[in-house]
């Protein structure tokens, strides 16, 4: 089992969700984060003073999957998250972490079937 | 050492915290997230137009524990997070990830005693 | 590769970012969280009623790094996050998780060079 | 099944409206011809007075959105819109009720010995825009409009008590009935020449020797709504989780905006109640302002001594308490007594909401009773103590010495409390039995906004 | 390159202003001496009337921030400041335009057979603060100020249609031109003694036999802006993602505040339009309030039947629709017809925004057309049906029976629609060709606030 | 120990109040009987004038919550309530101070050669609601109320300078003292017949030949508060992290609401300052509006040229600057000079806050000095340049040609600056030595809301 963490553009969230549901990944957790990376931030101006804001709004997805779902999930995320065929700086990253166990709180089920 | 991630209903947060403190887990980190899963979202209506909102508000707990604390922690979370004795769809999941090291910033302590 | 999670004081965020950039760690993801730990919360009073709020605002950093960057990263975080030379209760923790793979969405690159 | 549930509320609201109408019409027919009341000398309409009462009417109307914000800032995020709705919707339904029947009940010629107004003004018949309201230099229709704004905000005040747990349909039906059966008669009793009024031959005047002084609604508005609020919250029960769970205000900034608007609007509420742009209006205006300020100040002081910190919620609660307390007195007292009244009201209200409420354990969520009921009662009584011959003369009332007046005030307060409480009990039972008054657990958990209105307050 | 782009907008705005000025001056020279119009008896300035119109002017000005909030609450967070700006900046630029040339176009003596006002009031020449506005007991300068507030809010209304996707420079230039070429002439036609007015010998009077009734701006304000809004949103195109993506309001609480301010301010808008503090003002005030309430109520009912839930967005949309609908009628109808108008307008507007708009697929983002265009048209027509001899007499118009008046209303509506639509088409093309009207994709994605103004609405 | 610290502030506040009282009483006794001042012809109270000044008083009071929002939107989230408190609490304490002693200092008969008013009006003695204020057609008590609103907002303006870092107790004590020792005497000097006034035989009149023109508070309100703000922020020091850390406004939407309310209320501030509902009121009203609009516009233009983008914060800052600048002039200038003043003030203020402030490195957090100090000074001087004989006649002042007037203005400005600065220095030292003026590092870090008031602004 793997714990997949993906950082994507907020505007691509819907597309990623759609792409994931096509490969039958229906469960995930979403959070608001801010990213620092190659993508530049923006400038805000208040009463003539410029402020450089380098943190960029991103969305973080967390998806626990069984091993055979890892590749389709990754591909689906890439498909949904890339801006245009070329992709753009800031499109984000996917991190794959090992996952040892999963428990469904409602039933107490554990492991692969609880995912 | 394990890194336990739990997704629970916002309304159960207090109960989970209480249950955890009973097994002497006093340290954790909490974040607001939104979940997609079996639980259905809700409908919002603006000027006669219906919008399906399928992301559901959830709370994410992150708890780093030493190995012998893993099971009590899991049980405590289940106890606190389940809605009613049967549980309800949407009650959430617990994910167990391996944790290699912990450092307490203030003292620089590492490993089990820093947890 | 490691996935480093650090919980720090919101007021230290800037200092940590600076310290990290000194060791050439330029990419990371930041989120707002609330922590429970040794640090006490605060009291709020509404119309004469006191409420104990024990969750404390914290910032969570997530940084994926190649193995040889782990130690400099940890040291940089400690340097930036510690309040004063002694540190203060509540200064936070660093968690080191194993990371199996990284994919850059834009290019599809994988592994160490995608970090 | 789902259909029927959904439609039960609007149908009932329709039925309520229909019933009111029917009752009104039947009554209008059934009544004996009204005996011509003593002719009040008609005064010429004055453009200055009209200007100020137009402005005052607008100010009082503006208080209702102000109240909406004041209350909505104090609830949890998931209930912010539902709470706004409670006040805002009063603007819609009470207006309709008022122009159909409410004004007539309140200000029609006294019938049944001053129990209710006659149906003379049904559908605003006989309410002319180009003839003066008897005894005052403003058009009759303007008097109707000005009083309408009072009728709107009063039931909205109650909504602080049952916040975060009432079904919307139940709220609407209750509000319509309460306004018709509690507010309108009370307005008649005190201001319309009825039971408690200063009018020659009113019940109170015959009994105690003098009528009740209520300049802008201490009894009619604040005690009635405050007491009904207490009854209501006792009957509907506590919010799930109260008082164990912390239920923190979602936006005190919003509450402050609301309080600012309330203060601003209250100048119309009290300052306009002389129905003229005259020295009396000025006196009421000044008393109002001073009491609000003094009460804000004394609330902060009490907090400082009790908890070591003065809070903004305290300051705005205090200012509202001060405004409530001066309302019955505004046109009868001089500035320094107004200062004293303001300083006095906050400690009492604070004690009520911070100590007594906890002790007794009821959940008056936003302290509708603690502020309006308690502050209004205190104000009505203090009016009897502080009313000044000199100012009273401006309003044409010759006050006959202190004690008797205080006695009249006490009787009026008691009548208002008893009457409001009894009718509210009946209405709550009625509404609960027919459409159900309280949210189910799941709906309370997900909040008024989603469960009752299908909306969310904020979307980031 | 970057320079030139950035500076194109302010330069164009400068040019626009300059052009207006030049045109005005040339015209002022070129015109034949104005024939003295029929002398209106000068009435003495009255302090009460002045008080109420001063207050009304302030109230109407306050509506524009109210509108800013009403609209800004409905957009996505990233556009909240840009949307506020659309209304707030009208306060700045239209004021300047109005005192330079707008008032003169609107209220100068009719020239070219009532097509435009003369340049008599250029730079507020001949607008005295100590002489009465002919026929009314208020200073001439006060009439200018009061009318200015109308000129300000009208173009701001349009901004609901192109919300979330317009370039700021384009907005400014369009607004200035639209105000000068659409609003000012229309105001002249209806209120300034022009084509459509009640004035002796106006085109409409000659054609139909009677002038159009528009008490406070059904045609001039609401139809003109509503129709232009529709045209504009058709031309600028839909927001990216519309209607597939959910574009949820960032803060309905803000929208409610805005609606509360609008209701409050509308008392000045309609109640002040008698330009006096008289029975007519009272009548208009009351009609306004009743229609707003009734429409809020009926919108909630329609929602309840259609979707099973009444919403706060529905209630505030309804109240605005009611206010729009009563605007042309306020000073001509009695309270009960006002109630009917309020009840009637919401179902129609609801049908428009919830059904028709979806069917046709245009993106009138905040329903500027659906509420102001549709509600204004309905109101203008119903004015013809419900205007009451008795009330009309108060305003000095003798209405000559129903059908003819209805016909006059219909013609006025048609003229307004056609004229506004045509000029808007031309202006949109013009502005688009010169500086470009629509945000580029990236800017639309990051939002108006950052891309156009370099700010963010909320920083937690 | 903890006790003593906590209670030090309220005790000191009590002491302050007590001291003021004592001083007043002693003084009242000690003074020689006041020589009867030249009898001003008593004018009859007029209902229209009363209506407008009642409305104006309400409007000016409403500005203080408006200012609270304006400022609170600009601070960081953790300070939003504390910042609201700074303005809101002025409504409480200054009212109490004013009715006890402030009005008497300001408007009592000139004593000590016009340095202070006599104690004639202590506790509002001799301030009748049914006698006219000498020379004006409004009740004396109404004059007191109207002026009270000015006294309230003035110290609140200062709070923009020390935002986010002051102890609440220190704020309260400072504000009370400042109001008594700076505001009240200044009001006396300019409006109460004192040193700088137009009154026969005032010091300025004897020295320069003519008194200072300050229609609604350029010197008394804006320069005094602006200069004190500068002094205060220099003495209290910068916020921790300033200017390195970005301290972004938590909610510009809130700031916009505040600005809208300020504009609205300012109509009462300037428009009411004729203390009548007359042509002069209209003239002041119009000048006010035009200057606000022009300044909003010119601020946007300057930003556009300097940074390539116009911002909403710029527009609202500009409009406030315009309002400030026209305040001393409103009742003396014609519309077109008002336009010029509005256009002129923004570039100067912008230069101050965007360039000079950075250069000099002081932390006037919300630009209380940059806008009110600078804008007020500019306005006071330009009043001397643009005042029009024709308009001045309406207010009964015969202005004696330009240069002398300008000289009088300059002297008044200088006196105001020097006096305000000196007293503020003394007060800040005094308060700092007794209770400590600045938050400790931890409290500043956690914010005013939690550390000073035990509340949080938003709870999601």
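Read from first to last, the chains carry the letters A, B, C, D, E and F; within each, the first residue is number 1.
As a working rule, a contact is a pair of C-beta atoms (placed from the backbone, for glycine too) under 8 Å apart; a residue touches a chain by one contact, two chains touch by 3 or more.
Computed from a predicted model, the values in this text were never measured in an experiment.
Engineer: Between chain A and chain F, which partner chains are common?
Structural biologist: Touching chain A as well as chain F, we find C, E.
Engineer: Along the shortest chain of touching chains, how many steps lie between chain B and chain C?
Structural biologist: 1
Engineer: In terms of C-beta pairs in contact, which of B-E and B-D ranks higher?
Structural biologist: Counting C-beta pairs in contact, B-E comes out ahead.
Engineer: Using the average of all C-alpha atoms in each chain as its centre, how far is it in Å between chain A and chain D?
Structural biologist: 53
Engineer: What is the distance in Å between the mean C-alpha positions of chain D and chain E?
Structural biologist: 35
Engineer: Can you list every residue of chain A that touches 2 or more other chains, as numbers and ranges?
Structural biologist: Touching at least two other chains: 31-32, 44-46, 97-98.
Engineer: Which residue numbers or ranges of chain E touch two or more of the other chains?
Structural biologist: Residue numbers touching two or more other chains: 46-49, 51-52, 55, 248-249, 251, 257, 261, 277, 307, 309, 311, 313, 454-456, 460.
Engineer: Pick one for the touching-chains graph, please: line, ring, star, complete, other.
Structural biologist: It is other, because the touches fit no line, ring, star or complete pattern.
Engineer: Can you give me every chain pair that touches, using the contact definition above?
Structural biologist: A-B, A-C, A-E, A-F, B-C, B-D, B-E, C-D, C-F, D-E, D-F, E-F
Engineer: Enumerate the contact residues on chain E facing chain A in the complex.
Structural biologist: 245, 445-446, 450, 454-456
Engineer: Tell me, which parts of chain F touch chain D in their complex?
Structural biologist: Residues 6-7, 9-10, 45-52, 54-55, 57-58, 61-62, 64-66, 68-69, 72, 80-82, 84-85, 88-89, 91-93, 95-96, 99, 123-124, 127, 129-130, 139, 141-142, 144-145, 148, 168, 251, 254, 257, 261, 277, 452-460 of chain F touch chain D in their complex.
Engineer: So in the complex, the part of chain C that touches chain A is made up of which residues?
Structural biologist: Contacts found on chain C: 3, 17, 26-32, 62, 64, 97-108, 114.
Engineer: Touching residues of chain B toward chain D in the complex: what are they?
Structural biologist: 11, 14, 42-46
Engineer: Would you pull the chain B residues touching chain E in the complex into a rising list?
Structural biologist: For this pair, the touching residues of chain B are 44-53.
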